[in-house]
Each structure stands twice: as C-alpha cells, then as structure tokens.
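Chain naming follows the written order as A, B, C and D, and within any one chain the residues start at number 1.
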C-alpha cells in the first residue's frame, strides 16, 4: 500500500481509538446532565480518583498493602473501586447536591468545580501526586497481526479500549431501555414529576446516575491509566471531552460517541498534518475550534432537533 | 416686619417677594417630591384666580374643594380668597349625599375636584345643587369620555386665567388689595355628632391671628417640614398645613396617595407633626406587633432600653436633671433603639407634635415622649379656629389638655361646661342664625359643649361632652366618654359604648381591635374564622374582662367616679362602622344612634340575661346591604367597694 | 441601626438615581475610601503589596469584567485567563515597541485590544447558549495561551519563554519594574480600579446594563421588546474583555513584572475569577470586590495557619488548601448561592429596619 | 361611553399568512386587518394559532407565505427589532419579565429603542447620558402613575404577585409608546377584581393615548365588553371576523367553541 495512505490510515485509526476514549469520558458527562441538568465538571477528576483507588487496592505500597500487608487481585480491586465510586456518589448527593436542587445551573456547575478541587486535593493527600503505572493485565504494544498483515501499527490497548467502550455503551443502552430504573432515569430527564410517579425518589435517581457515571469514569480511568500512568493530568482529559459535548450535545448518548470519534480523528489528523506547520501542541485547542466551526453551521449539534422557541 | 398682611393672598404675595425661592409646597408624584417655591405658588394661584374670574366668579362666591391633600387644591383656596371668594373644603371620603348637602347649603358655584372618583360623586348629585355652575378636575385620567361642557380641566382653567391676566394685568393685584382681615376666609363644615353638618364661618383675622399665636407660642420657623395628610375640610389641617405655612413660610408636603402616607412620612421626616390619638395608637400597636417577630436578642435590647426610656426619657425631654449613668444609658439607648425606632416611624426630626380631638392613652403618650418626641396635647374646635388650650413646653401631662392659648379666655359654667372667648372665635354658622345664638353668646363666649375643670396647675381637664354627662339613678355623676376612653386605652379594645345615664349602673359594649386581638389569638393558638367568631371566643371575653376589672379598680379610687364602675359588659359581633352610621366620619361613637339600633342589647345589659340574640343590617363596601346575626354573651363583673384595697 | 433615613427625600430624579442615595451609605463609602487612600499606604510593604493588596485589586478588576459578562449579561465564560493573557502581551508588546508611550495609555490600549479579541470569541454566543457557550469560551483560553507560547514574536524572541516588564513612570513616579515602591504600585492600582469600578457601575445602571440583564433574564422577550441580542451580547463581551484585558495588563505589568504564558494565564485563572464572582455575587460590582478579597486572602490565611501554625509540610499544606478551597466553595454555594453581595444586602436591610425584623 | 366609535385606516394588514413548523401547520391563509385606534380581539380555542399570529406580527415567527402591511409598507415578514422600533409593543401569555430587575428597570427596558447615548457616555454618566436617563425616567414614572404601581416601583419583579407582574409587563410595553399594542391573554389567571382593573387600563390606554390594541383573550365576557371587532381562529384558519355581536351569532364560532370536544383543552 502507498505509505502515505498507510500513514493516513494509521492516523485515522489512532484518532478513532482516542475518540473512543473521549467518548467514554463524554458519556459520563451526558449521563449526569441528562438526568439532573448538572454540568459535572468533576467528571475528569472522578476518572483520576477511580484510577487512584483502583491502583491503591492492587498495587504494592498502597494503603491496603501497608495496613493489611496484602493486595487485592485485579477483579476484586475493580469491584471494590466500583463500591468506592458508589459511596462517593452517595456522599456527593448527601452532602452537596440535595442542598442545591433548586439552584440555577451555573451554581450547580460551580459546585462541581468545587467538588473537583476536593477530589483532587483528597486524592493527592491520600495517594500522593507521583505518577503510578496502572497494570491490570491489559495487552500492551502493537497488534502483531495488523502489523504483519496490513502493515498497520495499532496499539492493542486501544483496540481493547474500543471494544470495552462498545460493550459499555451496549450495556448502558440495555440498562436504559430495559430496566425499570433505566426508564425512570430517562423519564427524569424530561420531567421530574414523571420520575416520581415511577416510584423512585429523585434523590435515589441522582445517586444511581452519579454511581453509573462513576463506573464509566472508572473504565475511562483504567484505559487512560494503562496507557500513560495514573497522574494528575488524567483529570485533564475532561477538558478533552468537552468539545465532544458541544458537538454531540449534552444530552445525547449517541452524540457523545459519534462526537468523540469525530473529535478524535479530526484532532489526530490536525496534529499530524497541521501541527508541524504552526509549532505543534495544537491538540489543546484544535478540538474546540473544530466543534465551534461545526456549531456555526449546525447550532443544534449532531443529533439535536431544531428547537422551536415559544413565548 | 412693618405691616402684617391681614389676608392669605396678601401673605402669599409677601412671601413670594421676601423668600420666593424657598420651597412652599411639595407633592410626591412620579416617584419624587415635586416642589414649588413661593414665587411659583403665587404664579399658579394668580393664574387660577384669574381663571375663576374669567369664568364669571364674583366676590363672595363659593368654591368647593373635593379631594385628597393636593397642591392644586390648596392653591384653589388661596385663589378663591384672592378674588374675594370663599373656599369650602369637603371631606374627600364623604358619600355623594353628604357632599350634595354641603354644595347645596353653601350655594357653591364652582367645584374643584381631584379626580374622576370625586367628579362622579358630584355628577350624581348635580341636579340637586342649583347654584353649581362648573366643575374643574385636577387629574385628567379617565375624563376624556365625559361630556366636557360643564367639566373643565384644571390646566385649561389656568390657561384661560393667564390669558385673562394678560388682558387685565391689574385685576389680580387690585382684587387682593381689596381683601380685608374681617372678610370671610373659609367655610368649614363640621361633621357634628348629631344632625346636619354646620358651616363654620371664619375670617382671615380669625385664622391668621390664631395661626400666628400658635407659631409664637411654639417658636415655629420657616424651616419646619410638615406632611399634609389629614382631610383638608378639617380645621386642624387648615391651620397647620395652610395658615401656619403661609404665616411662617414653611414648606408643606402632600403624600403620594392614602396608601403611601406612612412611607411618605418616613421620607419627609417632618419636624412639626399633628396626628389624632388613633394614629399614634396604631403606630405604637404596629411597633409592638412587629417587635414580636424580632429575634430574641433584639427583643431583649428593645425591652431593656424601652424601660430605661420610660424612666428617664420624659425627664430628659423636660430638661430635668438625671444621673450621669442614666444620661449615658439613654444616649446608648438612643443609638441602639430610639434613634432607629424614630427613624422607621419617620419621626427622627420631630421637634413638636400635637395630638387632639379626643383623649390619648397615657401609655401611648408616655411612649412617644420617652423616645424624646416632644408630643403635646391641645384642645380645640373648629369654632375657635382650633386652639383653645395648649400645653406649654415643660408642662406636659397626659391627663390634661393644657393652658389657655395666647389671647384665649376660658371660664367654666355652673354645670361644668367649658366656655372660651378668643380672636379666633367664628363669626356664625352659615345660614343658621338659631344655632349660632345657641352656641355663641352676645359677649362672644362660645359654648364648647364639653364638661371639664381647671386643675390646680392651671390646666384644663376635659371629662366628657357636657350633654352626655348624666346621672346614675343613685344621683352620682356619670361621664360615659371618660369610662369609654379608659377602656380604649387597652390595646385589645378598639371602641367602647358606655351606658348609665338614668340607669342603676354602668354597662358597656366593646369592640375588639381586630389586629391586636388576632395577633394575640395567634400567639395563644386560638383559632377563628371571622371577626364575629373571634369576638365571641370565651378567651377573648376573659381578656376583655381583665381590662374592664382594671378600669373598675381605677374608677373606685376616685370618689366622684366610683359609682360608675362597670357591672356588665358584652363584646359586639361586628365592628362599629361609619358606613352604618354608628361612627361619625371622624370615627367618634354616635352613642344615641347605637343605643337605638342595639336596643335589644342595651335592654339585655340591664336585665339578668346571660346572652342576647341580635340581627343587624350592614352595608358592604360595594354598596350592597346584608344582615348578620349573633347570640352575644353578657358578663357580670364584681365592683370594688373597698377604696383602700383598690387604691 | 445606623441608618437615619427619615427626612432624606428626593426632589429630583438625579438624586434619586444617585449611586448612594442614602447619606449614611455615602459617609461609609467615603470613610472606606479615606482609609484606603490615606491610611493603608503607610502600612504597605513589599509583602503586603505583592501578596495581598495588588492581587486583591487586580483580581477585583478582572472579576468586575467577568461579572459584567456572566453576572449581568448571563454569558458564562471560561476564557478569562486567555483574555488576561491578551492584555498582558499587548502591554508587553506596546511598552517594548513604543517605549515613550504613557503607561496608562498602554493599559487602555491593552484593554481595547482584548476587547477586540473578546468580541471575536463572543461571536459564537449569538448562536449558542449556556454551557455550550461556556465550553466554547474554553477554545479562547486554550488557543490564546497556545498562541502566545508558540509564536516567538509575542515573546520578543525571548530565549527563556518569559516576558518581563520594563520600568515605567507615571507623573515621575516609578510604577512598574522591581524598583517601583510598593505603595506607589498600590495607590496606582487602587485609583485605577476605583475609577473603573465606578464606570462599570454607571454602565450597569443605565441602558446598556438593562439590555444585558434583559438578555440574561429572558433573551427572547428582550429581543421582542427591541433589544438587539447581537449588540447586547457583543458589547458585553467587548466591555468585559476590556476590563479583563486591563486586569491582565496590571497583573503582568505592575504585580508580577515577569510572566510565562502557560504558568500565569492557565485555565486555573479562569476558574479562580469565576469563583470570585460566584462567591462574591453574580450581577454585583461590590460582590466582585468581596469575592476577589475572599479568594485571594483565604489561601494566604490558610497557608499561614497550616505552615506556620501547624508546622505542616508545604506540599501537604498545598493539598489541604486545594481541598479546603473546594469545600468552602461548596459550603458557600449551599449557604448563600447569591454570594457575599446578597449577604451584604441582607445585613444592610437588617440594619435599616432594626430593631424590627421586617 | 358613547356608542359610535370611528376608526381610521388600517394600521396593519396581514394577508394570506401561512406558517408551519416542520410540517405542522400553525396558520393557514389567515388575512385580516387592524384599524387605527380600535381594540381588536383575536379569539379561538386552544391551539388555534392565536399566539403564533401575534408572533408573526411582531416578527418573532417568519411565515412561509403571505405579507404584512404595517403603516402602509408591505413586507414579507417583520423583524423583532424593526417591529419594536416602529411602534409595535407587546405583552406575553406567560409573563416574560426580567426577574432580576426592579419594576422601574423593567419598564425602563421598554424605552430602550428610544435611547441613543453610547457606551462611553453611559459609563461616565455625565451630561447627555445622564440627562437622557433622567428624561426617560420621567416618562416611565408617568407610566407607573398611569398603572397605579407607585408602591412597587423599586421592588424586584420576582417578588410581586401574579396580577402585579402582568401590570408591570403592560407598563413595559406602554413605555415604548406603541402605536400598536399586542396583548397576549392580558387577563389570564386573574381574579375578578384584577380583571376589572386590567380592562380599565386597556380601555384607558386606548382612550387616553389613542393606541391601537390587538389582544388575545379567553374570557368571552371581557372580549365582548372591550373589543370593537373580533377575529376568530380555529385550527390555524380564520373562521369569522366582525363585531362582537356578529361573531357571537356566527354558527361556525359556536361550533368551534361548543360543538367539538378536543383533547388539547
């Protein structure tokens, strides 16, 4: 194959893989925004926090190791981390959100920024701020099969991430479509009263939503952590996911996924082909510009319907 | 001052000449206090007077003024007086028939009405006022739809006046010059507790000399701030807001409308203030009610410093010596409590406040004085151009109405009636020679109709209307008003009607004060659905009974009045109301009317019945009538016979 | 308690619409100004200037700027750091390119340039609203900082990647550079910010301010009664950016003296200023000052307490500080979501009504 | 009030207006006119397209077909700002006041199109800008006086009861000195007394300032009392047009109101 085309293909695939990761984080945002109208700025820090907790449960030298002299196997550590994220969701609802139910969206948004500070500070105090390699046994390195047969260089981890994301989305879709709680969650997005009529209190729903998005954060945290270690910068991937949200819409699950892929690919291509021309490091802002340019032509976003404004 | 101007128009021109740039009158309108200085007022009055003249107004013609306190209505007074006419202010809340009586009786030629509401009333009765020629209105709102032939916009009138003035430039000044002190200045209709209103004829001399004496007596200056909020038809407003303003040159402010008076009072912060006792009373009640919701700490501070104020405040106000500690405590109290309190009441700047018209509760009187507000009582009548007696500074007592005002002579008739003679004494009742002769003697003495006596301090003390003072069957004197007032000093009691003349004992009917009792009921978890239900609650009865007992205790202490102790009482199921004829427009009880209307109740009070059924006609605000009925309880009370125990 | 309003009546609209219609308020403001101008300078040393007064004043200016946009016009912006960078770099380029230019003119020009950039980044606000817009403003933040970092022209080809402020005088008094006296810096900022706070207050109580608030409260109704959303939103972006740009200019020129784009103008700056206006009170000029005071002073107090008082390691103290900042923000949002300005207003009402509760 | 009211030429004519949203038809071939100085009512069952009609008139909705003639100029569609600055003001069915502002400031926004002074002058609040602000304050105070809302002048509108908010909204529209005033259910949700007040204000506005009024109202009693002519819409079509008496007697109107039960009511 033409090496340039091959290079392009690799770039696109790399972009798609990165896009899957963005989509994962964006998914966490969408879940919470859909159910409660809260723009959860702490989503990124939740990924970091989940990854730190997971690391601590299984890695030598963590709190568990130091206090009890043993570490958990991977599956148990993941289960425990899930429990931690559920507890965290409960704590957030109990100590923060329930007092702010009636407030303006911007107040809730600020509260989640405050939350991000708290989680970051607590994470640092508990686990320290050094870089931790996260290894839960996911395959590393390039896929030999693709390299041999197509001469394509693709990270196995990224493939795993893509597959995991696909599975996660499917599970969530089933959860939302088929389970009673899931339907209640969808209802609450449209009408709080409707949700109450299903027989689940708003507060419970919020805890569930935050738990689910905590678990999504854990998955995202595992993927990013396995790729580049668990460190503070992990929380910054939240900033990466934001353009995805403008593109895909704050309330659309498919929007988050397709938006993530578009951003991932667009950014990768720009980085590779455009970056060198302007001095590099454009990945910080390019995604935003891409999303903005897109919005100018389609203000309702990817999957949004045209809004009829009424007075 | 070389020659004192002897009429209002001359005073106006003099003021405009001497201090034309000083504010003369203000009105809260369009969110701010619109102000006119003396020169502008003189100009407005001139245009108006010429307008009247252009429309055929002659010397001696009468102009009725119907409306709230408005600068233009005050100008109308001066304008009419300028060209030898007589202004006739009427009560703005009077119904059409009442206004019709005045318009017809006074043979009014022009009416200046405030707005559509007043115009409607006059149009209703215009056929019965043959002398009425034209109606002028101040507020054009909603007036476009009316037939405009006899209805003229105030501004149009002034425009015509200015044109007239240009053609006859000397007319106005000449007319003013023609005026003399002995000319009739104003015709004031007194509401009267019985019968038809009477038109009191006062001359410029009557009003101006009285006003001057008052100003000198209390050292008023042209820097006073006054809020004109009492009816223009009432002689008090005429003296305080009009005559004294013209004489001393101070500025008068008119509130935005009736509902904003308290707010406007606070904004203006008057230095010279007049209010009848009910207003002082409701302000105080309001303070107490608001304080009940206050935080604990503020309540403690408030209560403590109010106690300090009660003990030293009146002394400090009377410039008596107090201890250094008390002096500083009072200063601290002023910073923390009295100052803010006076501020919220709009009384921070009051130098002098008067109350009159009826007796004021000693508690209420002391409350204001202890805050450092120099409130005094006066005794007056329309027939005297107000002032008969005034309390001089330093001689202020809650139970007297003061010493004779300057140039006023007083004597007490054998039957206890108070008579006076002064430069303010009215000329006559308009078109009512008989009544005039009955009230005013050949020598110029006027019967007040009030019974009273001069105490050892030289102060006049009023106990009741002379004609109301009667005798119990045992021959002892009975002054119903005295008993009623004593009861009305309790915050939970709004109105009282006392009976006893020609009876074996004294019995009373009580009206509860809805606001105060409702508040008390809320605090004591007493539920009720209506006024009637609340009034009938046994707890409320007990509350009233406690008050009545206290009054009996006080009455027992006075040998002359011990026989007037109350034996039986009941609480009325409805509020006494001026619309039902039970009160006068000035909210005085019409005792005879009530005795007649509630004959069954009165009879029951003088039987041994424990309750009595009554059905009453009532008039609602929209003019409909209906009836309410109730089974009222009657309570018996013990009387104090042991004088020592009682005292 | 200290209010004596009886007798303070207004006879014309000018006095009714005055900034401080109540006399006691006027006296209070004059007293505060007197202390700030005539007393504080005697106590300002380098530490007080650089750690407390300058950050407070300069952040207050930035907070006013952001408050005009977010609090008054309802357009959430997360690009404050980027706009401050525009102000700072404009100042750097202008002072180095035109050494004769008066420093005040430089600041105003820097504000103007930032206003232009702000309008550019405000254009999306015409089509997108709420959080979509907030996220879009992040584009400004990241793009601008990247631009200043990458394009050497902005740095005057400085090999260290830093920019530093040359010394400049105003009326013969040194204001910038390491040799400038702390009290001179302080007074200069105080006067400058005082004037611009007043101008901002004037703006928000006039037609422009009402247009902004109308757009904020109900944009459709605003449009239908004749307010042009385009004009209102873009002027908000322009004026806001003008203020933020001037704050950036002072931040770099007077306070820091030297700056490195990524460090000094990162997204943390945007959040910090946003915190200030939330904690201080959205839609309040006074709140901008109170919020700036709180957010700048609180970490200092906390650090002093933990490092000097509890003898904690600096790193641990830093972590606790971040946590506490988060906790405090959440606490304030729960206790009084409308910020210090509302608390101030309530306290004032209480004082006016004392001893009555309402 | 005297019986015969005379009106001038049409101030506004809408012709053959078609409006649809993504396939859903809101208005279909609607034509009618509004004469200078009259009170014109637009009535019809819920969902008949009344509010849409007002939105077309002041340019918030752009019809796919038809034309609008306002003060002699014919256009395909209006623009909100143009409508506002050329003398069309309106109130809204669901109160659309600016919640964070006082009554005074809300009404002042109605003067916006009449204020000219630029940003700089305003920031300085000196000379012309101050004078302009105070002049408009004076005008607004007259509106406040007219609507008898002096006591709530400085109250934030969010704290006002519903009826008062409606009044403030009318004030905001009046502040623009409109030639054509559009009122979208001005009496909805009011008690009897408030309705009477509002009726009085509407008539007084019409009477005092000669303002032409087009209003949507559900209370038939009110409509019959205060309007000069009525246009009836049903399912986006005009079914009747004439004096209140004519309309009341119209068979199609009776059917629209009584004959057919709807689920959207």
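Simple rule for what comes next: contacts are C-beta pairs under 8 Å (C-beta built on N, C-alpha and C of every residue); 3 or more make two chains touch, one makes a residue touch a chain.
Here the structure is a predicted model, which is why all the values come from computation and not from measurement.
Q: Hey, which pair has more contacts between C-betas, C-D or B-C?
A: Output for the comparison: C-D.
Q: Based on CA centres, what chain would you say lies at the far end from chain A?
A: Result for max centroid distance from chain A is chain B.
Q: Just the number, please: Cα centre separation of chain C and chain D in whole Å.
A: Taking the mean C-alpha position of each chain, the two centres sit 41 Å apart.
Q: Between chain A and chain B, tell me the centre distance in angstrom, where each centre is the average of that chain's C-alpha atoms.
A: 77
Q: Distance-wise, how many Å sit between the C-alpha centres of chain B and chain C, to the nearest whole number?
A: Inter-chain centre distance comes to 58 Å.
Q: Based only on mean CA positions, could you tell me how far chain A sits from chain C in angstrom?
A: Chain A and chain C have C-alpha centres separated by 33 Å.
Q: Of all residues in chain B, which are in touch with two or more distinct other chains?
A: 31-32 - these are the residues of chain B that touch more than one other chain.
Q: In chain C, which residues are in touch with two or more of the other chains?
A: As it turns out, chain C has residues touching two or more other chains at 12-13, 220-221, 224.
Q: Could you pull out the residues of chain D that touch at least 2 other chains?
A: Residues 60, 92, 96, 137-138, 141 of chain D each touch two or more of the other chains.
Q: Hey, which residues of chain B end up touching chain D in the complex?
A: Per the touch definition, chain B meets chain D at residues 29-32, 141-142, 144-145, 256-257, 259-260, 263.
Q: Touching chain C in the complex: which residues of chain A?
A: 39, 95-96, 99-100, 103-107, 109-111, 113-122, 124-125, 129, 239, 242-243, 245-246, 250, 278-282, 284-285, 288-289, 291-292, 295-296, 299, 301, 309, 311
Q: So in the complex, the part of chain D that touches chain C is made up of which residues?
A: It is residues 58, 60, 80-81, 83-85, 89-90, 92, 96-101, 105, 108-113, 115, 117, 119, 122-125, 129-130, 133-134, 137-138, 141, 172-173, 176 of chain D that touch chain C.
Q: Touching chain C in the complex: which residues of chain B?
A: Against chain C, the touching part of chain B is residues 26, 31-35, 225, 253, 266-269, 287, 290-291, 293-295, 298, 301-302, 335-337, 339-349.
Q: Would you mind writing out the residues of chain C in touch with chain B in their complex?
A: Touch residues, chain C against chain B: 1, 3-13, 16, 353-358.
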